[in-house]
């Protein structure tokens, strides 16, 4: 049985937004930032939480971390109601805000960790052990005595991640953990998260705009739009939900008229001896390949996965009250 | 939770002190500057007394006593909680949320924000004036009157602290209007540097019953100096400062809780 | 003439930028009004004790208080105008970009600060002043000429105020940090402008000295012009002399500083 760690049942968050509509005139409007969202996350899962800006991502994270009180529904993290027992929950969660460091700007990195040590009342032995492990994994050894203001963005992000993990949280929330980082730093952060999840079974929930984060880290993805959960499932399934297509690139012996493929597969582009065929992401490629190989002089072929970004964009486009999985 | 808050306050304040020390040259400079800046008010009073022998019927040592009490107690509160005016900015840039995911009381974190030892300048300057005033004021000291002095300083610090906390709570609702609290904090300590007889009775009434700043020094000091208080108060009122302080702190705490609850339900 | 237009638009920009902080402006109005109230009562007590102190009667003392509150933000008496931003740009080195612009650095910042001052006067200074005139007896002139002279003296005061703060900001080229110099600005501004006490009440030699320092051009001189306590042309001459001297000093310091930036590797 799945060990449910995060549980949301019909969670809502409604804001009263006051907007200026003229001189001294204000209009009050109710905005459903999060509109009846339900999902569960098992211990040790690694989930990507994506959606356009203002879709309700950070509102959800803020409710999960106890910053915001839900306006309705039931929400539990590790069996705790975050809004009621904020401080008790704080000991069990780690949060990394991508664009905002929680480290002390003017002080050496290690000072921020010493503060965490005492603020979270981490037992000395465990603190030392965690610090040395995180220092090694995140390659922070040379940085501990450097004032935070002198760190690069990537170094600071690694520093922030370590700070959020010193107290052995059972769940780690990451808000845009790779934003603004260079390729090497991104890879480092992703490698670390994968390792953390594999070795310590830490539950990870991350919001991101970088779909590579999702592709490389998360077996499960949730998509939110206009406060509603529009998709929750495996990354592969997202393609189906988005009615996305894969592309089969075929190199023939010579220039030929477009291949007559069995529908719904079809040729979308011809360039000399090379032809591109689009087919549903959910369909098997092997059947199509054997059909072509039987009738055409095949030299080489490759399958291209759909661009997830395009998939999600498509989902947003044609989502109209589609039921959630 | 209170003890936990104090502990967290100490931890964070310590970090700010260490941060401040990284700019060593500026530190010495700003302590001195702080002392000078807060002393200007008193220089103003001294200048006034080059032209007159009394103000509102009070002599220079008597006014110096009011000044010393007001500035010392305000200085303590300002040192402990004086940076809460950055709260509005923290809410706008989102860094306030970081404080809410920590396992310690938010008020302690906000209170310790930007803690700076240079603020000792004001306390020291107030204490020096107070010391001079106490030694030169014409009073028949009794045990009760002597005891009343530290009681005033501590109660005063608590009352001003309550004003700071209430101001922080107000900022949650009006993030851009942080300056309003200056009217009550800096305005309050300025008001109390002058004798109550100088002000209109309505203002004195307001400062006694509505925002009871008068209990920082006016009311108890009037007792020590045997001066009639401009508005009638029962005799025990002179000793009520600790009680008023407790009441103010309770109300401010309530206001803070309300503010925080509102933030957590509205997110702004 | 094209450049006049440029500086005008910079000034308008300064005005607009401050106009966008509505809640902060309202808060400032409230705070200035409260401080005005406290000061009015202490001054009334002082003038009660010594009628005619400094050549002012009670109504004039009251007028001085509310004028001080009116000009407090307008003239950035304790700092916080354009110089604050300039200090930050010098500290971070961004000022190097400004140096390559085909504009006069000093005029550019002056224009922005005058725009700010204009907003602070209308948005923040006027209300406490009106409040004062509504609830207290003030000594305000009735003839238009006096108000016109007052307008001129205010413009000159704004220039002197800017020139002082510009000089201070340039010091950051050498100090690398604006905190200390900001504090010096605050202390000298508050004390020597006559925010603590009107300068004409300062006793003896101290009084004679503070009344000829440039800070006197900020509140004391405009107050005296408004209340007809001084010959306007003499007041203008005093303010203009300081304005020219300080702006010239600012230019000199600016050229030394820019040479330094260029040498350092700009």
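Letters A, B and C mark the chains in the order given here, with residues in each chain numbered from 1 onward.
Note that in this section contacts are C-beta pairs under 8 Å (C-beta built on N, C-alpha and C of every residue); 3 or more make two chains touch, one makes a residue touch a chain.
Keep in mind the model is a prediction, meaning the values are calculated, not measured.
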Original post:
Measuring centre to centre with C-alpha atoms, which chain is farthest from chain B?
Top reply: A
Original post:
In terms of Cα-based centroids, which chain occupies the most central position?
Top reply: B
Original post:
Distance-wise, how many Å sit between the C-alpha centres of chain A and chain B, to the nearest whole number?
Top reply: 47
Subject >> Averaged-CA centre spacing for the pair chain C and chain B, given as whole angstrom >> reply: 29
Original post:
Where the CA atoms of chain A average out and where those of chain C average out, how many Å apart are those spots?
Top reply: 53
**OP:** Enumerate the residues of chain B that touch no fewer than two other chains.
**Re:** 23
Original post:
Can you name the residues of chain B that touch chain A in the complex?
Top reply: 8, 11-12, 15, 18-19, 22-23, 93-95, 97-98, 100-105, 261, 264-268
Subject >> For the chain C and chain B complex, residues of the former touching the latter >> reply: 21-24, 26-28, 30-31, 33-35, 37-38, 41-42, 44-46, 49-50, 53, 177, 179-180, 183-184, 186-187, 190-191, 196-197, 201-203
Subject >> Contacting residues of chain B [partner chain C, same complex] >> reply: 23, 26, 29-30, 33-34, 36-37, 40-41, 43-44, 47-48, 50-56, 174-180, 182-184, 186-187, 190-191, 194, 197-200, 203
**OP:** Under the touch definition given earlier, write down the residues of chain A that touch chain B in their complex.
**Re:** 15-16, 59, 62, 65-69, 71, 83, 86-88, 90-91, 93, 95, 97, 100, 102, 104-107, 111, 115, 118-120, 147
